[in-house]
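Two complexes are shown next, each including subunit A; its partner changes from subunit B in the first to subunit C in the second.
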Partner chain A sequence: MLILQVLINGILLGGLYGIMAMGMSLIYGVMRIVNITHGALIMLGAYITFWTFTLWGWDPFLSLPVTILLLFLYGYLLQRFILNLIVRAQMYLTLLITFGIEVVMVNLARILWSSDLRQVTPSYTAANFSVAGLTIPYVRLWVFVTTIMLSVLFLLLLERTRLGRAIRATAEELRAARLTGIPVGHVYAVTFGLGAALAGAAGAMWGMLFPMTPIMGRPLTLKSFVVAVLGGLGTMMGPIVGGVALGLAESFTSTFIGPTYPNAISFGLLVLILIFRPTGVLGRRER
Partner chain B sequence: MKRHGSRGRWMALAVVALFLTATTAWSADTIVLGTAISQTGQYAREGKFYVDAYQITVDAINKAGGIKVAGKTYNLELKMYDDQSDPNLSARLFTRLVTSDKINLLLGPYSSGITIPASSVSEKYEVPMIQGGGASGQIFSRGYKYIFGTLPKAEFYFQSVVEAAVKMDPPVKTAALLYSNEAFDRSVGEGTRQWLKEQKVEKVYDEEYQPATQDFTSILAVIKSKNPDLILLAGHEENTLNFIRQAQASDVSPKMWVFTVGPPTGDFRKTLGKAAEYVCGVTPWLENMEIGGEVFRSAREFGKQFKERFGYEADYHVASGAADVLAYKFAIEKANSLDPKKVRDALASLDVETLYGRVKFDETGQIAMGQVLIQIQDGKLVPVYAAGKFVGKPMYPMPKWSQRK
Partner chain C sequence: MSTKRWVSLLAGLGMVLLLGIAPEIFSAFMIQFLINLFMMAILAESWNLIGGFTGYASFGNAAFFGIGAYTTGVLLTRAAFPFAVALPAGGILAMLFGVAVGMPVLRLKGQYFAIATLGIGETMREVVYNMEITGAGTGLVMPILRTPLTFFYVMLAILAAATLVNWWVSESRFGYGLIAIREDEDAAAAMGINTPYYKTIAFALSAAFAGLAGGVYAYWITFIDPNAVFRMTTTIQMIIMAVFGGSGTVLGPLLGALVLSSVSELLATQLATLGELFYGLIIILVVLFMPKGLSDLIRQRVFSLKYFARNLREYRI
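Up next is the complex of A and B:
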């Protein structure tokens, strides 16, 4: 029974890890930017949810589209007017700039909203139901379902739309994409916007489960990176696989080895993957 | 020409400014208390309690006439850096305070992990440091002469709790112990193991966890399967919040649960809302305890002034920080000197009543003080058990989540 409970806990949390890493994987896949701002975008998503809930009483699930839209716009502008200037420069420059933006965002958040712990607590926060001795919290279940819905929508967008084809074309062969008339600057900005929107959605849902502070994003950047690499950096379904794998690894380690070990195990897993399958579980060898 | 003129004016201004700062440095009779404390990073939240506590106490002492040494009156002044919650940076900043800023005496940082290296700096340069933010035994077990602490020993945090638990009706028989693997919480864990053994409470779960842990659901699943009467958790406020909220979602409710950090702060109750009911905590200090001394006549008066100025309620961190500054006032006046060695000796034999309680250090430098078991009842903090007896009525056993209003 305990094993089953731990399994469910791991999968439910893994979905959230998955969507958290999806934006990071997309941005890396298309532009080869390791986005250090990622965690700060998650933080922003969480705070938007917190404020719309606290000031206007919006349900956190219903405010999700607003969060996604705002983060998309923010991400679009960030790429269009700042990151596009250096997107083809060496990796360390993009690292440095995204790191700089992260520092500015986190400190602005600290000044505006203080370092106090905040929580989004709708009336159903702690509601749960029991099936055959297992306890399942509603919020976690809804978060998981929303995560899956969002990732399906996102995949459809990439696979079935003109925009999605343009994004994939740009990722695969930049020069050819340019020659066929794809406005690369715009496509990059849309890509970053999508990445930011996914991070924002993840943040909104993170904020429903855990308390938030302006620095909450830092460990999450790292976590997203681990998840993305586990699943295959740059692949589309990889992050979900990586997320669930990490969620399960963490729950089982904490239960059967000890609660101090989840990080050791997940980073150990990362090292193993890098040694034996450097492109991740779903990744393909680069051509 | 015009450009030249304006530059000249700036130069003149700069010279005047330099002169002004220089003269204040010469003429003002100030005692500078130096500290580096977390204003950003992981400990920014608790760090702020000490920043505000130091400030309000320094201002209050100055307003009440400053400190008299050998017939001369001195004002206190704070020299403060931000250690960004980084122990390495902290040690560098304390070195800078002593060697290049030439402060007179040191006030401590927050958290045991940062206090351990910081206290080594004070010991090396033989400048006393009073700190109110680190309680781990590791700070005081190295035979240092210059470190003093106003938080009670970590090992004793849950002593009164376990003692009270076995006197409840029905008595607590089994307990789950969970603590973060940081210096302070480990010491709490070690001590608690002993108290549980002494009171013959069976330990059904005993684990360490990482302080960065957000998700406690798997830990809770194991604890739930062991069904303990009492849950004891030693960790940071964020851990406590996550634990309680997730326990509610996972439907875990023992007869009693106690947390080291969180329950005494007003924010904690606000953030958790109704889920904070029945939660127990420990605190060396409560605003409504009947204590007081010079400068701040009573704990209540201090609490009132603090809330007026900073807009939030003072908790024991704040009172402990205030006691640090006050201890210097008394020690300097007792020593009648600013010599760090003499102030250190005065501290070692200090015995005064303050808003925080009786400040008297044991031979290791840590305050000799017990903990009060408190419980949140109807959104208020109620003292339940102190110094070996019940001082209030506990709400026990805690009702199941489904039976709460």
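Up next is the complex of A and C:
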């Protein structure tokens, strides 16, 4: 029974990891940018939800569209006016500039909102229900359902729409995409916006489950990357698989080995995967 | 070796001598500032060995700094070793750690290497956080040394050594091997360079200097805890100082450390977060406008907006 409970906890958390990593994987897959800003975008999503909840009493699930829209806009502008200027440079330069943006965002958040621990606590925070002796918290279940819905929507957008085709074409072959009349600068910005929106959604839900601080994003950037690599960087279904895998790994180790090393375990896992199977579980070969 | 090289070497030695008599001239505050500056310069030069010359951008070098700090700290407090033993031990352990993690991790390329090292840096903090001997989360309190000038001279000596090693790398067959790896690793291997060996040595040297700087830092600051020595900020600082000054050059990282740590010191006296904010902004501006660093700007001798505009255009989509 305990094992079943741990399994459920792991899967429910895994959905959230999956959606975090989806944004990271998309941005890497299309533009080859390792987006260190990702965790800061998650942080921003969490704080937007916190403020709409605290100031105006908006339900955190219902304010999700607002968070997503704001983060999309922010991501779009960031790519359009800053990252597009450097996107063809060597990897370490793009990595470095997203690093710089992250540092600026985190420290602005520190100045604006202080480093206090905060959490979004709607009335149903602690509510849960039991099925066959298993305890399932409502919030976690809804978070899981929402992540699945969002990822399905996202996949439909990529696979079925004209915009999605443009994004995939740009990822496939930049020059050819430009020649067929795709506005690649715009497509890059939209892609980053979508990645940021997914990060923001993840942050909004993270803030319902765990306390937030301006620096909450740093380990989450790494986790998103771990999950994305686990599933295969640049693939779209990979992050979900990787997310559930990491959720399960963390939930099992913290129950059976001890809660002291959750991050060490995910990073250990990362290094091992990078060495033995750098393309990930569902990954394809590097071009 | 050209005469120009000898002149710059002599100039460097003269500089060291000049700094050697600095304690006679400067105030106590200035001395503290200089110690910090030397430390930053050591870290920038140490990162330069792996990130600049070899082209492997490590984002986890704070791990070596932390290992050096903790090794020295534990030996000083738990075993009452003299500093003269504890400090080299910190450097050596950091170096061994660099070899141990370098062998697998240096097989990774580009972004995978960057992220793996980032992970190692974060993991080390957590490991130390959970270790008994390091005082876990509470940290370690060092004995107080009555002669603060010791730190000044030791830091300066390590900086001189780090700069000399960078200079040796820029002039030697070994260093040309590293540069060949940076330019094209497959071609370097095809030319008979034992790339895993070269990369591991560069990583180990980088780790050793970061570890030594950490060791001095621990004794100088007298209190360390995992969050203070395994900071991502430390890694950011070394990278940006090296890149700002000009990575892959000998004097670039020194220049970067001098300029950036002076400005950030001025800002940090206002508000601690401002110092970090400043680093973030500098990173963004440097990557956009002068990705080859200050030393390239000086070498080009074109102090016009055209230089920046050209850089801005170079990588845009």
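Just so we're on the same page, the second predicted complex is superposed on the first by the 278 of 287 C-alpha atoms of A that agree within 3 Å, B and C clash if a C-alpha of one lies under 4 Å from a C-alpha of the other, contacts with A are read in each partner's own complex, and residues count from 1 in each chain.
In this section, a residue touches a chain if its C-beta (ideal position, glycine included) is under 8 Å from a C-beta of that chain, and two chains touch if they have at least 3 such contacts.
Just so you know, these numbers come straight off a predicted model, no measurement behind them.
*Asks:* Which term applies to subunit B and subunit C once both are placed on subunit A by superposition, clash or fit?
*Replies:* Aligned through their shared chain, the two binders clash on subunit A.
*Asks:* Looking at the overlay, does A:P219 come into contact with subunit B only (first), subunit C only (second), both, or neither?
*Replies:* Both partners.
*Asks:* In the overlaid three-chain picture, which partner chain does A:R110 touch, first (subunit B) or second (subunit C), both, or neither?
*Replies:* A:R110 sits against subunit B and subunit C alike.
*Asks:* Have a look at where A:V87 lands relative to subunit B and subunit C in the superposition and call it first, second, both or neither.
*Replies:* Touch partner of A:V87: subunit C, not subunit B.
*Asks:* Between subunit B (first) and subunit C (second), which does A:I97 come into contact with in this model arrangement: first, second, both, or neither?
*Replies:* second
*Asks:* Have a look at where A:V271 lands relative to subunit B and subunit C in the superposition and call it first, second, both or neither.
*Replies:* It touches subunit C, and subunit B stays clear.
*Asks:* For A:G185, using the defined touch cut-off, is the partner it touches subunit B, subunit C, both, or neither? Pick first, second, both or neither.
*Replies:* Second partner only, subunit C.
*Asks:* Given the superposition on chain A, at which of 7-15, 25-33 or 115-123 does subunit B overlap subunit C?
*Replies:* Residues of subunit B that clash with subunit C lie in 115-123.
*Asks:* From the superposed pair, tell me which subunit A residues show up as contacts to subunit B and also as contacts to subunit C.
*Replies:* Looking at subunit A, the two contact sets intersect at 107, 110, 219, 260, 263.
*Asks:* Considering the complex alone, what residue numbers of subunit C touch subunit A?
*Replies:* It is residues 51, 57, 59, 104-105, 107-108, 110-112, 114-116, 118-120, 122-123, 126-127, 129-130, 232, 236, 239-240, 243, 271, 273-274, 276-277, 279-284, 287-288, 291, 312, 314-317 of subunit C that touch subunit A.
*Asks:* For the complex, which residues does subunit B have touching subunit A?
*Replies:* Those in contact with subunit A are residues 40-42, 44-45, 48, 178, 181, 207-210, 212-215, 217-219, 221-222, 224-225, 237-238, 241-242, 245-246, 248-251, 267, 271, 273, 275, 401.
*Asks:* Please give the residue numbers of subunit A that touch subunit C in the complex, ascending.
*Replies:* Going through subunit A, the ones touching subunit C are 28, 32, 34, 82, 84-89, 91-93, 95-97, 99-108, 110-111, 174, 184-185, 188, 218-219, 222, 225-226, 229, 260-261, 263-264, 267-268, 270-271, 274-275, 278.
*Asks:* Which part of subunit A faces subunit B closely enough to touch in the complex?
*Replies:* For this pair, the touching residues of subunit A are 1-2, 5-6, 9-10, 13, 107, 110, 115-119, 121, 125-128, 130, 135, 137, 139-140, 209-211, 213, 215, 219, 250-252, 254-255, 258-260, 262-263.
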